[in-house]
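First chain written, first letter: the chains are A, B, C, D and E, and each begins at residue 1.
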Amino acid sequence: MSATPAFEPKIVAFVCNWCTYLGADLAGTNRLEYPANVRIIRLPCTGRIDFNLLIKAFEMKADAVLVSGCHPGDCHYTSGNYHARRRWMLFRELLAILGVDLDRIHFTWISAAEGKKWQQVITEITEKTREMGPYAYLSPARTATDEQWREEAVS
Amino acid sequence: MSRIGVFTCWCGENIARTVDVERVAEAVAQIPGVRCSVHNKYMCSDPGQTMIREKIASERLDVLVVASCSPHMHLKTFRKAAGQAGINPYLVEMSNIREHCSWVHHDKEKATEKAIQLIRLSVEKVRRNRALEPIKVPVTKRALVIGGGVAGIQAALDIADTGYEVVMVEREPSIGGKMAGLSETFPTLDCSQCILTPRMVEVGQHSRIRLYSYSEVESVDGYVGNFKVTIRQKARYVDIDKCTGCGECWNCCPLKKQLSEFDYGMGTRRAIYVPFPQAVPARPVIDKNACTKLKKGGCGLCEKKCLAKAINFKDQDKLVEELVGAIIVATGYQLYRVGQDQGKRKLSGYGEYGYGRYKDVIDSLQFERLVSASGPTGGVIKRPSDGVVPNTVVFISCVGSRDNAKGLSYCSKICCMYTAKHTMLYKHKVHEGQAHVFYMDIRAGGKNYDEFVRRAIEQDGARYHRGRVSKITEENGKLIVRGADTLAAVPLTIEADMVVLAAAMRPSDGAEELAQELGVGYDEFGFFSESHPKLRPVETNAAGVFICGACHAPKDIPEAVAQASAVAGKVQVMFGHDEMTREPEIASINEQTCAACFACVRTCPYHAIEKTEIRSPKGILVKRTARVNSGLCMGCGTCVSVCPSKSADLEGFSEQQIYSMIESLV
Amino acid sequence: MIESLRKICRDLLQSNEVQVVIGYGQSGPGKPVHPVFVRRPEDIHQLVWNEHCYTNLVAYLKRKEVQSLGKAAIIVKGCDERALVVLEKESQLERKNLHVIGVACEGMGEPRLRKCQTCKVRLPRFANEVVGQMASAVDDSRPRWNELEEFLKQSPAERMAYWVEELGRCLKCYACRQVCPLCYCERCLVDKNRPTCINTSATPKGNFAWHITRAFHLAGRCVGCDECTRACPVGIDLRLLNQSLARAAEEQFNYRAGMDPQAEILLGSYSLQDKESFIG
Amino acid sequence: MEIGYYPGCALHGSSNDYEASVHACLKALDVSLRELDDWICCGATAAHSLNHKLSIALPARNLGLAERDGFTQMLAPCPMCSMELIKAGRCLAEDPQVRKEISGIVELPVTGKTKVLNLIQVFQQVGLERLKSSVKTTLESVRAACYYGCLLTRPPETLQFDDCEQPSSMEKILEALGAKVVTWNYKTECCGAGMTMANEETVLDLSHKILSNAAAHGANCLVVACPMCHVNLDMKQGDIESRFNVRHGMVVYYLSDLVGLALGLDPQTLGIDRHFVTRPASPAQVAN
Amino acid sequence: MTTHPTPAHPIALIPVENCYQCGKCTAGCPMAERMDVMPNQIVRLAQLGELERALRAESIWLCVSCQTCSTRCPKSFDCAGLMDILRQQAVEQAKAAPSQVRTQLFQKAFLRNIRRYGRLNELELVRTFKTLAFLKDMNIPFLVKDALLAFKLQQRGKLYLMGERVRDRGVVDRIFQRCL
C-alpha cells in the first residue's frame, strides 16, 4: 500500500463540450459534491481527443486520466465518438503491451443529463487512484495493481 | 507577450462561499503575463461588464480570462463585452469555477486551490488564442424543394410567397404526391383532391417557382447558402412548352392497357398519358417501355395527331444546374410491399396473406383509388377479380408495421385512422356491406381523431376485432381470413369478398442514396434524421438542409403541412440576411506539411474536407493536399486526431492551446 | 527463375514501359544483398534473387529521388505487396504509374525470418505478373501470436521494466521511420514544434513518446514487414509493438492491413457494433 | 454420389414402403445411401414434450455417430427426424458449453457439423436437369397437390429450407418430371402429426380438410415427403371417409414414388402397392 | 396460488415479455378451436406468472408442435417452445390436465419404448400405450379399437412382431439416466 494520507491524486479529464462538460455543469447546478482532484480540459468532441494528449498528461505527472464524451448515437457531431471509440480500443492494446497501468486511464460516456454519473465516476476514480498511490509513469517499480495482476494471473 | 486580464467573479455567494475569491485574485496576479487580476460580485452584471471594459482600457489588456460560471452560460456575454471594448471576442476565455468548483466542493482550501489552477489553465490557453473573424458566407436566396407532395407544395408556396425563388424537383410526371390519389381525408372526410389541386395549380403558375417535373436530383455540391444542384430531367418525349395539353395524343394512342401507376395498377392508361386529369403540369409523358414507336419504330400516331408538334421521339435525359442556398427534402413515403420483394434485403413479405396471388387482397392506397370518385371505377367499390361489389370486406392493420419479424418495428401512425375512414367510406357506398377490422391497438391521438374511430364503430357498424390475422386463403371465390379475437379469446374465421391491408409506411425508394448525397443522417429504416428531436425537428446535421413530411417519419397530412411551414420559416430566417456568419472556430490544414493521406477526408462527419491539388502557374502538379471547406466545417476536430503529421489543426482548440493547458498542470 | 525475372525487366526497360526497375542486387556471392535501381537494359544482370532478398523495397517508392527517375517497376514478395495495397488506399501511389513484378516466395533467410514462419501471403495477388510458383502450400495453421502471448505472460510492471530498458537504448536515429514503407509524412510529427507533441529528449519519456507514436501511427496499417526491427542499430524488438496492434485489429475488427483492397481503412471508418466493454 | 442415411424408426417400421421407395429411386439416380451404424431414435415429439435435454441428446448421439463415421451429409427422409437432428446440430454448433455437456452425455465427441438433408434436398443435389434427362415415363396424367406439412419448412430459422409460407421445391421437381401441380391452400397446414394414436378425432378433422381442399383444387393425388403425413392421409383415409361419410379416394404418394415411376420403376419396387388407398388410375398404369 | 417464475424456473429463461398479445398464434393454430385456453392466453399467463393455470390447461397437450405460431409470430417469440417447457413442467409437477391423459401416456410409453430398445417398437408402443390408457379409464372400445388396423398392416407387410433394437442399448439407457 504505497498511498500516504497526504497524497492527493492529480486527475486530468479530457471531455467533450456537448455532453460530458454539460454533465459536469449539471452536477454543479444540482450541487452534487465530489473530490476536488479533477482538472477538466474541454474539447469540442471526443473525436478531437488525440492519444498524444493522453501521453502528455501522464508525462505531466497525472495520476489518472479520464476521457469522456457523448454516448454512441448522441455525438453532437454525429460520429466523432465512434471514431474515438475505435482509436481508444487500439490505443489501450498498445499501452497494455508497454505495461502502462490501465487502471490509470478511464473511458466513459457521460451525457449532459448524467450529472449524477459524473459525480460517481469522479469520486470512484479519485478514491481508486488515491488507494493506488502516485503514478510513477515509466518507472519499472512494481505497483499495487501489479501485485493484484499477479494474483489474478496465478489464480 | 500579451497583456492578460483576469476577472474573477463572486457570483454573489455562489462562488465566494467556498472559494476565497480575494486569494484567488492575488495568486493569479502572480502568473507571468497577467497585468490585472480583479474580482467583482457579479461579473455578468452591468457593473461587472463595465469594470471589464474600463480595465481593458486602463490596463491596455489584449486578452481576457473571466473566472465565473460555465462558458455555456456566459462566454457569449463576455466575448460581446470585450468586443465592445475593442478586443477581438475570440481572445476571451472562461474558467468555470462555479459549476465545476464552488458548487461541487465544500472544502474551501481545496476549492480555492482548484480555482487557481483552473484559471491558470485558461490563462495558458488564452495566451495562445488567435484573433478570429466570424466567417461570412454569402447566401443564395433560392430554395430547392425535393419532392412535390403536399409537404413540398406547402413549403414551396410559403417560401415563394415571401418573395424568394424556389426550385421544385418532382420525380413523377406530375406533382401532387400520394395525397393526389387519396379519396377523402380523415377526420373530416373532405375530398382530398378538392383541397390539394388548387395548391398544385398555384405551384404550377407561381412566378417564383420553377418546376422540374419528371426529374430527379443527380448530385449536390457546395455548402449551406451555396449549393450547386445538378438535376436530371428524364426524357419525356413531349416538349411541355409546345404542348397545349389538348389530349389528342393520349386519346389516339392505341395502347390502352398499360397499368396506371397513379391507380396502383387498379386502372389502366395509354402509352402516352397524363397520370391524372388534374395533373400539374397538365402535360403528357410517353412510357418508353410501352410505346411501339420507341420500342420498334412503329405507330407514331400521336406525333401525327399533335398539331403543336410537341412530340419528340428523339428526346433524351438532360442535366441542368441550379444554384440554391437551402435544400428542403420532402421525398415522402411509399407503402411497404406486402408481397415478397421489398427491394431491401432485411425486410420480408407476408406470404401468408397471399397479396399478389389473390386479386382481391389489395393494399390501402389501392383501396383509396377504388373509392375515389376520380378512380378507375368512378368511385363504385368493385372488387378487382370480377368487378362484383363486395358484401364483406376485411381490413387488416399493422401489416408490416410493428412487426419485427418482417423487419419494421415502428408504428406507421396513420393506419388506424385511415382504416376507420375506409370502413366508413365503404359503409357509405355499400349500405348493406359489413366491414371487419383486425387491429392490435387503436392509436387515434389527435384533434377529433378518437371520436372519428368511435363513429366508424358506433354509427357505421364496423366490427373491430383485436387480433392479428394469421393466414388468408381463397376458396370458391371467397377469401378465408383466419384471425383471432383476443378479447373474446376465440380464433375467428371470416369469409370475405375483399381484404384491404393497411401496409406500413416506408421512405421512398432512393431516400438513403439522397441522404448520402446530401450528407444527412438517416435511421436503419431509411427515414431522414432531424438534428435534434425536440429543438431542431426540421433541421438536419447538414447545415442548410431541411426535412419535412413523411421522409422524416410516418405522419399524416396536417403534420406534414405543419412541418413544411416550419421549414419555410427556417428558410425565411436564413434568407433574411445577405450573408450568414458562422463560428470561426473551425479546422484548417497546413498544406505545406499535408502528406495527402486523406485520413481527415475519410473521417470528417460533414464531408467538409476535400482533396485538392496545388499546381504551379504553368499547371504542373506541385503537390496534393487536403483542404477544409469553411462553409461546411462544424469544428469537431476529428481531423486533428487522425492527422499523423498534425497538419490539421482546430482554431479555438489548437494543439498549442491544448498542450500548454496540459503543461500548466505541473 | 532469375532469368525469367531479368527477362521481364529487360523487356520493360527496352520497351520503355518503365524507366527504372527497383530490385535486389548483390556485389558477389556471400556479399550482402542490397537494393538496385536498374535503368538500362544492359545492366539487368545486376538483378539477383535469393533467400536474402528479405528487405521490403516498397519503402524506396516514397523517396523523391527515386520518384524523379520516372515510372518504376518494383519487385515484391507477397508480404511486401501488402504495403502497396495500403499505400494505394492512402492515395500515396497510383497503381497505373507503377509496374509490379511479384515473386513467389518460400520464405526468406536461413533460418527462416520470424515473419516468414507465419506468412500467409507468399504469392503476390495483385502484381502485373508473378514469377515462379509455390512449391509448398501456404500453411496458415501456424499460431501467429506466440511471441506476443509469451511476452504478455509478464506482469505490467515487468513489461514496463523491459521497455524502459529496451527503449532506453534508442538513439533517436529514426531508422525505424526511414525504412518503414508506410511512414511517408513530409514532416514527421516528431519534427514538429509549437507545440512539441512528442518529447524529443533521450529520456524514458522521450523514448516512449516516440515509440508509442510510431507504433500507433501504424495501427491498422502495419503489414508486419519487420523492416523497423531489422533496421534498428541497437536491436530494439519493435515487432512486438506492431504485433500487439495488428492482433487487436484482427481480433476486434477482423481487419488485416493490406489484405483486402476493398476493406475500409481501420481508423478511417467505424462500426456501430464496435466493442466498448472498456468504456464505463 | 454417396451420402449418409438415417432412416429413423418409422421407415424401419410401418412406413417401410417409404424406405423402399427412397432406396429404389435414389439407386436409379446413382445415389448410394450408407446407413448410419447403430443409429438410435431421435426422440420425436415425445422427447421435446417431456424433456428438453433428452430432445437434444438423442439426436446428438446420432450426429456423433455420423461424425465418427465421417459423414459430411446425411439424409433423414422423415422430416421429424431431420428437424430434430438439425435443431440439435444448431444447439451444439452455437454453444461450446452445450457441446461439452452433450458430448459427455452421449459418450461421443459431437460438434453438429454434419449437414442433415431432407429427401427434397437430395433430389435438388441430383439436379432438375439430371431428373428431366432420366425420365422414362412422363407423368402427364398426374395433377398433384404437393403437401409439405409442418416440419419440412418449420421452424424456418432452424431449417433454412424453401419458403415457409409458399414452398415450391416439390412442385419444381414434379414439373421437371412432366407432372402437373395444382395451387391449393393447405400445403403447410398441419395434419395432426403424432396425435394419430392419442387424439384421433383431431387427426381425422385436420386431414379431412387437407384432402378436401386438394380435391377442390382439382388434384388427383397428394404428394408428401413425410411418413407421419402419409399415415394420417393414407392409412387413416378410410376412417376419415366413414367419420365424415364422404368418398375421398385420394391416392397419397411419397415424392420418391412419383420420381420412381417417372424413372420407370414399377409400383411394387416402390412399395406403392403397400399403400392403403390405391384405387384411381395410378399414373404408372396410364403411362404404360 | 400462483407460481412466480424464478431464475431457477425454465420459464424465466424465455423472454415472455416480448409478446405483445397480437393473437396471431391463436389465429393460426390448427387446434385453437379445441383449446380451453388460447395460445396467446397461455403466453399471457406466463407473462403474469400465473403458471398454475397454464400448466393445468388442456391446450398444452392439444398442441401438435406444428410450429405455425412460432413461425408467424411478429415478435419471433417461440410459442411452440413455451408449450414444450410447460408440458415438461406439468408432468414434473404432476399438474397435467387429466382429460388429456392419453397424450401424456402415449408420450411416456414412447419414451419408455425407445429407452428399452433404442428404436421404436411400434407394436409394443401400441401395447403399452393401450394398457396404460386402459388402466386409467377402463375404456374397452379404445383398447380394442385398432386391432383391425394391425391386421391391415400385416397384410401390407408393415407389421413387425419383433421390432428392431440397437446393439449398444447400454448407452441409450445411460443417456436417459443423465437427462431425466
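In this section, a residue touches a chain if its C-beta (ideal position, glycine included) is under 8 Å from a C-beta of that chain, and two chains touch if they have at least 3 such contacts.
Remember, predicted model here, so these are calculated numbers, not experimental data.
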Chain pair showing more contacts of the two, B-C and D-E: D-E
Whole-Å separation of chain centres (CA-atom averages), subunit B against subunit C: 46
For subunit D paired with subunit E, centre-to-centre distance based on mean C-alpha positions, whole Å: 22
Distance from the mean Cα position of subunit D to that of subunit B, given in whole angstrom: 53
Distance from subunit C to subunit A - Cα centre to Cα centre, in angstrom: 34
Two or more partner chains touched - positions in subunit A: 51, 56, 79, 83, 87
Numbers and ranges of subunit D residues touching at least 2 other chains: 164
Touching two or more other chains - residues of subunit E: 68
Interchain pairs in contact, sorted by label: A-B, A-C, B-C, B-D, B-E, D-E
Touch list for subunit B against partner subunit D, complex: 340, 350-352, 357, 473-476, 480
Residue numbers on subunit C that touch subunit B, as the complex places them: 90-92, 184-189, 192, 194-197, 217, 264-265, 267-269
Residue numbers on subunit A that touch subunit B, as the complex places them: 10, 12, 21-22, 24-25, 27-29, 31-36, 39-45, 47-51, 53, 56-57, 60-62, 75-80, 83-84, 87, 119
Contact set on subunit B toward subunit A in their complex: 70-72, 96, 98-101, 103-107, 110-111, 113-114, 117-118, 121, 521, 541, 585, 603, 605-606, 634-638, 640-642, 650, 652-653, 658-659, 661-663, 665-666
Complex interface listing, subunit C residues touching subunit A: 148, 151-165, 189, 197-199, 204-205, 208-209, 212-213, 215-216, 219-220, 240-241, 244-245, 247-249, 252-253, 266-267, 270-272, 274-276, 278-280
